[in-house]
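First chain A sits with chain B, and in the next complex the same chain sits with chain C.
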Partner chain A sequence: MAFLPVLLWSDLLVWLLVAGLGLAAWGVARTPPLRAAWGRVLHRRTGMAALVVLAVFVLIGLADSLHYRPRLADTPSPAEAKAAAGKPVYGVEVFSLLDVLLTPLRTQMEKTYSAPLATRAYAKEMQEVRQPDGSLVQQRDFPRLRHGGKHLGDNEAGRDDDVLRRVLAGAGCALLAWWGLAEILVDLLARARGCSRREAWHELWHRPPTSAAPAWDALLLALGGLLLLVVPLLALVPEYHVLGTDKVGQDVLYQILKSIRTALVIGLVTTLVTLPVGVLLGIAAGYFRGWVDDLIQYLYTTLSSIPGVLLIAAAVLMMQVVIDTHPHWFDTAAERADLRLLALCFILGMTSWTGLARLLRGETLKLAQLEYIQAAQAFGVSSWRILLRHILPNVMHIVLIALVMDFSGLVLAEAVLSYVGIGVDPTMISFGTMINNARLELAREPMVWWSLAAAFFFMVVLVLAANLLADVVRDAFDPRAA
Partner chain B sequence: MSDLLSVRGLKAGFLAGGRVLTAVDGVSFTVAPGETFALLGESGCGKSATALALLRLLPDAGRILAGEVWLEGEEVLGLPESAMRDRRGSAAAMIFQEPATSLNPVLTVGRQIGESLARHRGLQGEAARQEALALLAAVGIADPARRLEEYPFQLSGGMKQRVMIAIALAGEPRLLIADEPTTALDVTIQAQILDLLAKLQTERAMGMLLITHDLGVVARSAHRVGVMYAGEIVEMADRQSFFGCPRHPYTQKLFAALPDLGQRGGQLATIPGQVPGLAAMPAGCRFAPRCPVAMDRCREQSPDWTELARGHRVRCHWVAGQVESVAAEAALSVADATPAVSPTVPALSGGGQTRAAPLLQVSDLKVHFPIRKGLLKRTVGHVKAVDGVSLELQRGRTLALVGESGCGKTTAGKALLRLLPATGSVQLEGKELLPLSIGELKPLRRRMQMVFQDPFASLNPRLTVGEILEEGVRALQVGTPGQERRQALEALLASVGLPPEALGRYPHEFSGGQRQRIAIARALAVQPELLICDEPTSALDVSVQAQILNLLRQLQDSLGLAYLFITHNFAVVEYLAHEVAVMYLGRIVEQGPVAQVLERPCHPYTRALLSAVPEPRLEGQREMIRLPGETPSPARPPAGCHFHPRCAQAMDVCRQAYPPLSHPESGVQVRCHLYPPE
Partner chain C sequence: MLAYILRRLAYAIPILIGVNLLTFALFFVVNTPDDMARMQLGVKRVTPEAITKWKAERGYDAPLFWNGEAPGLAKATRTIFFTKSAKLFVGDFGAAEDGRDIANEIKTRMGPSLAIAIPTFILGLLVTVTVALMLAFFRATALDLWGVVTCVVLMSISSLFYIIGGQWLIAKVWRLVPISGYAEGLEGWKFLILPVAIGVVAGIGSSARWYRTIFLEEMGKDYVRTARAKGLAEGVVMFRHVLRNALIPILTGVVVVIPLLFMGSLLTESFFGIPGLGSYTIDAINAQDFAVVRSMVFIGSVLYIAGLILTDISYTLVDPRIRFD
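This part shows the complex of A and B:
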């Protein structure tokens, strides 16, 4: 085999989560009220657009969650290979599917900083320039980049034209692709409704106010926007560093794309830790009252009075010691970084369930007074059954809203923690580590701004999409609106 | 123009899902100074929307679509918002339904009255204070100087509504709009507030627009009445002709649907179906789908006004036809047009009951909630919600537990089912319930069940009707699962008048009355012998209430159920109950057969309570017994007889000792010093 699949712990959790979401979607499709609520989410233009943007982020993250170790190519000779048969040698570096897709970005390293779309480096260097008369003159100048704009050759002045041409060509392709997608969608809609394509197209853009159909227009617009952004980017990527390079000459766009997985893992896996603890303790405290309530309340008041950063710092540093003293646990650096990421998720989860639990306790206190709970009690239904069957489904909307809102908070928390040095492993690319590096870059003269700006922009888009979705979800699941 | 308020063709609606749903459709009426005009209608017929539209207070989604509103000779719908603000409060003021939420909890009463005084009359400082004191005195609040500095939470419900009225009066309005001003209050307090409004109205010659669903309130306070149905006024009359000869089929049905003693044993007249939703208004006459005398013409053409007498107008094709043919025919009543229902089981009261062992015997039931204070949560006192209640209920009989809010009747009902911790003795066919463990209690649970007050809160919105019905069956392991159980559930639904398809649907797809049927079916699913009904009709409209009462009576006849019927509504008691127990502050003050207790009440509290109930007719209004003050807190009941601070006949002994049980008439038990035990 040419590669060895590697299943990191976080990969496992991510794929389990995907499977869980699939299962949940199946359940939703079978429960009319839930289906109606999600229908309302899709009905809102904001919701649909946010979902499209998030879906792109998730796809990138998932592509980055399929890991492997390549087989080393330089197997000495067939004879020796035969001797070592069954024991092929694999590289120590772990790559993902995304890395394969981004091979040019990953391998085209420069020496150091270069500005976005630059053809020359950002710092002057001593270099020898051959004069027309054949003599070599030592000269301090910005050196040409190894990869960025190499295809231009001597015609560096033609860069702007080249970029413009590529962007226009990309935009043209994007429009074509969009047109194709729109045609397919209209075709499907026309077939589903049994009307002509023309009517379907008209209805897509002019939804009657009474229609509960999903906001296909927002889907098309969001896709159009994304295509217009991505396709020209694809046209530029092979020849330029679109977002510049960092200190060691690595492409910033590559780092950004790799950061997305880290952010998603932090956001999703942490909620996986938070959820059972927060939900269980919250509704148990609200339903049982008495000493159970007292105990849980004392627990979360105490926990939330400890400064979170302090607790996280202590736990992460302890984890680091454990990792450092047991190097034999890990085959590769990636596994080590992954364990630290998971530890961080776990610790963040352990400190952030209190809000959810408090919210659910209050709601359960209210629900427990409702008459359908008392009716169940009058039937002698057991307490745990009441919790699972009557209370849990009726607080699920709060859980969902809290989760979607927490997600953005956690992505931001990772950035802050990495900035103060207690976040993810320094070798792991994340928005936090990028921002941490930017600390020195901003102090430099002339300033290197693109790394921070790019991380900032992508993180804002991710968090904004999540927040917009949270708003729409809250509206759709609000029992008063239903 | 002499009218204070004149509304012409007012049309208002709400924006929903991109279109406007008309809630008020072409309403016209006038209110003269010093006159009370009542808008009567069931929930969802657009009466509150009308009131809000008059003052342009509709919520964001609301739209005024057409019409004119002339207030003191001025068209207010065209006024700019700044000018409108001057009119609100000074030309026309409004009182809302729920006094608890219409006062700001963080401002003192004085501040809230002062706000209006400063806005409309420019009074500040001491002048405003004096005026506020005068207002509070005018609305009958004792010790106004102290109350001025108090916050709303320190006031009782009745006092809050008085303060609301004082605030409304602060701008010296010429028109008072009262939107269900007494619906959230107890009958004795309701009587006080209605008297107060009438007194203020004559003193100040105010016009009043009274919005209510209660025919009794209309009979007591209104001069003229407009009946609203599905956004239209269908009948308009002065009080005499309205109660004397209501003409519109809907109005007649409303009167017929009211339960009272005269209809005991018979079926109540019901209006089939329910008020149509805003999105699905029938064409033609809007009442046609529910009307017993609907003709083809009713379904096609919306009827015009027919003038029957001076000031008595009706929108109905049928009435118009009757008037045209023979004006003086006496057969104008819908009751004659519908097949008469034969009274079925009038065998009631007294007589040859066999004195079998009672199904339920309660003695000295007590529910005390501890009041805990301080860091260690030490018990510093008890709220004696139920304080020594004794009851007896025979199989197949109905015992009504009556009282005002806070008297502990619901608590008692829940304690019987052991939903609340209680002491005393509760015996179900001689088997003591209170000391049983949860496991031992379980087999007994299927023998007694409960129907709750609010059908919107008593069904889990996330479960299908089938799952809701099955819950008790499964928990108590009644019958076998599978096809057989499904058939049993379908039969159960049929017995409460719902189709079998309902099993797969969710509660929100049903109306209030249908939900209450589901709740009854849920309780019946385990085949109980005793049903505790906790105000099962108080959240429902009159016409739907009649349907539920009929259902309960049928079920009692066919299944031999015993009901413990908790209610504050005497009309329902008269119609349904065999025996009645009146509760005051956690104790039963009078108990006996319905006929005796309601005809010849002994205890002063029962008498006052009965006299405070507004009767939906003109003649036969009971003589009012004014009950001063309000129910004291059950945490600190008065010494001696709990009722003595409000009792007109209180004697010295009442202040010292709680009265012993006495039997002034056979079968009646009273606790009052007026009737010393023989």
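This part shows the complex of A and C:
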């Protein structure tokens, strides 16, 4: 094989999560009340637009969750080749599908900082210039970048025209693609409703207030906005560093795209840890009461009375000692960084289940008094069966709302923790490590603003979409809101 | 009421023991006292005798949780866990790894932390309640809609960006205040403005939206309808009736954080170079100074429990319907 697939632990959990989501979607499609609730989410314009944006982030994250190690091409000598014939040699660097898609971004390194779309580096340096008479003269000037704007040759002044042309061409392609998508959507809608395409198009933009149809207009607008952003970017990426380069000359756009997976893993895998603990302890405390309730309440009061950062700090420091003392557990640096990421998820999960458990305990206390539970008890249904069949489905809306609302908080927490030095591994690209590295760059002269601005923009978009979705989900599932 | 508070205080003791047990377990699961001695002594001076001496000097020469060799009750008391945590309960925090007295350090660093935290807390509360009241007053108008949208955007921005952006814009570009630092007394005001302002702005988004919901919920109640039916002006209804009643959930909600103000804010203090308890904690985390981290965890838990009890008391003070018996 030309490559060795690598399944990192976080990959495994991410794909398990995807499988779980698929299963949940299947369940939702078969349960009319849940379908109606999700219908209300899609009915809201903000909900639909937030879902589209989040879907793009998730797709990037999933592409970054398929890892492999490439096979080393040249084996030094025939003897060694024979010795290693049974087991081919693979590189120690772990790549992902996203890395392959972004090969030009990943490999086109500059020497150091360069501004977005620049053709020359950020700092002057000595260089030899060949004069017309053939002699070499030393000059201090901004050196040309190795890759940024290389295709322009000597025509550096033509950069603005070139960028404009590429952006316009990209925007044109984006509009064409959008038009195509809109046509397909209208076609599907017209077929589903059995009306003409013209009517379907009109109804798409002018929804009657009573209609419960999904907000297709928001879907089209969000897609249009994303296409207008992404396609011109694609046109520029092969020749320029669209968001500039950082201190070691790495493309900032590449780092941003890699950060997305870290943020999603922190936000989603942590909830995977929180969920079973919080749900089980919460409903058990509310249903069994007595000493079980006392014990569980004691447990979460103790945990939540410790200031969160301190508990996380203590746990992460402990984890780091374990990782440092067992280097033989890890074949590659990526696996080590991955374990630390996972440990962080577990630690965050262990400190954040208390809120969910408290909410569920209160709700279960109320539910346990209702007639249908008493009827089940009178029939002799076992306690665990009552918990699973009668209580759990009736508190799921609280679980869902809590999970969606926690996501944005976790993404923000990762940045802060990485800044304090107790977040992800320093070698792992994340929004937190990017901000941490870029924090002192604002003091440089001239100012290096692009790393920070890019991290800011993408993080705000991600967290904003998550917050908007959380609001819509809460409105759709909270029975009190209706 | 008194009996209730006493019961709550008694309940705090097992929680604090649990907190201590947890920090202890977390730290000593991977770090044996021998490891600590080696790290603190440095690589060169490590000999078995030096380690034994280091442990004996600092009281780390007993077993961790259970001393099987000791007689009777001393089986549980002559251990590292008991000797180290029993002292915390009487306020004896011991010395940090660099030899300084932790209690003394906490006393001197409390001032700067409070100088930032109290103005941030009070101003923040005033500003967010005002904003929320305004949004509720203009409910279902364009102002309300865009106000809520702004709140959601504001709460989607990481606190790191508020600090970095504020420092850059106000201190570096406009040069209005020093970028960081701290001074005792009244001259220190110019160092405090920026961290306090950033703290207030960073908190507006989530709290203003939350308080707006409280106001709107209160405005749907019957007594508000009665007040309007009597012909009171909307402003009078808002200020005299809605504001006063909505302040009950708002105030009881924030009481729990008041004791924690002592701890300061980790991020603000470390970014602005303020010698408070927050930056003390961060330094201790980075230096892996267990004695300091443990003391701060203990204080934090005590303050949190105090906050919970204060919340309950404040309920009974502002709402006569609630009684604990």
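Here is the rule we use: the second predicted complex is superposed on the first by the 462 of 482 C-alpha atoms of A that agree within 3 Å, B and C clash if a C-alpha of one lies under 4 Å from a C-alpha of the other, contacts with A are read in each partner's own complex, and residues count from 1 in each chain.
As a working rule, a contact is a pair of C-beta atoms (placed from the backbone, for glycine too) under 8 Å apart; a residue touches a chain by one contact, two chains touch by 3 or more.
The structure presented is a predicted model; accordingly, all values stated were derived computationally and were not measured.
By the touch criterion defined above, A:Gln377 lies against chain B but remains apart from chain C after alignment on the C-alpha atoms of chain A.
By the document's definition of touching, of the two partners only chain C reaches A:Leu412; chain B does not. Judged by the number of chain A residues each one touches, C leads among chain B and chain C.
Legend: residue contacts after superposition of the two complexes on their common chain; A:Leu452 is shown touching chain C, with no touch to chain B. By the document's definition of touching, of the two partners only chain C reaches A:Leu468; chain B does not.
By the document's definition of touching, neither partner reaches A:Trp15: not chain B, not chain C.
When the shared chain is aligned, chain C comes close enough to touch A:Leu311, but chain B does not. Looking at the shared chain after the overlay, A:Asn394 reaches chain B, while chain C stays out of its contact range. Chain contact summary for the complex, chain C toward chain A: residues 14-15, 18-19, 22-23, 26-27, 29-31, 152-153, 155-161, 164, 168, 172, 260, 263, 266-267, 270, 281-282, 285-286, 288, 293, 296-297, 300-301, 304-305.
Every residue of chain A that touches chain C in the complex is listed here, in rising order: 298, 301-307, 309-311, 313-315, 317-318, 321-322, 325, 408, 412, 415-416, 419-422, 431, 435, 439, 442-443, 452, 456, 459-460, 463-464, 467-468, 471. Across the complex, chain A is touched by residues 17-19, 414, 417, 419, 438, 441-442, 445, 449-450, 452-454, 457-463, 468, 471-472, 475-476, 506, 508, 519, 522-523, 526 of chain B. Within the complex formed with chain B, the chain A residues making contact are 32-33, 208-210, 370-372, 374-382, 385, 389-390, 393-394, 479, 482.
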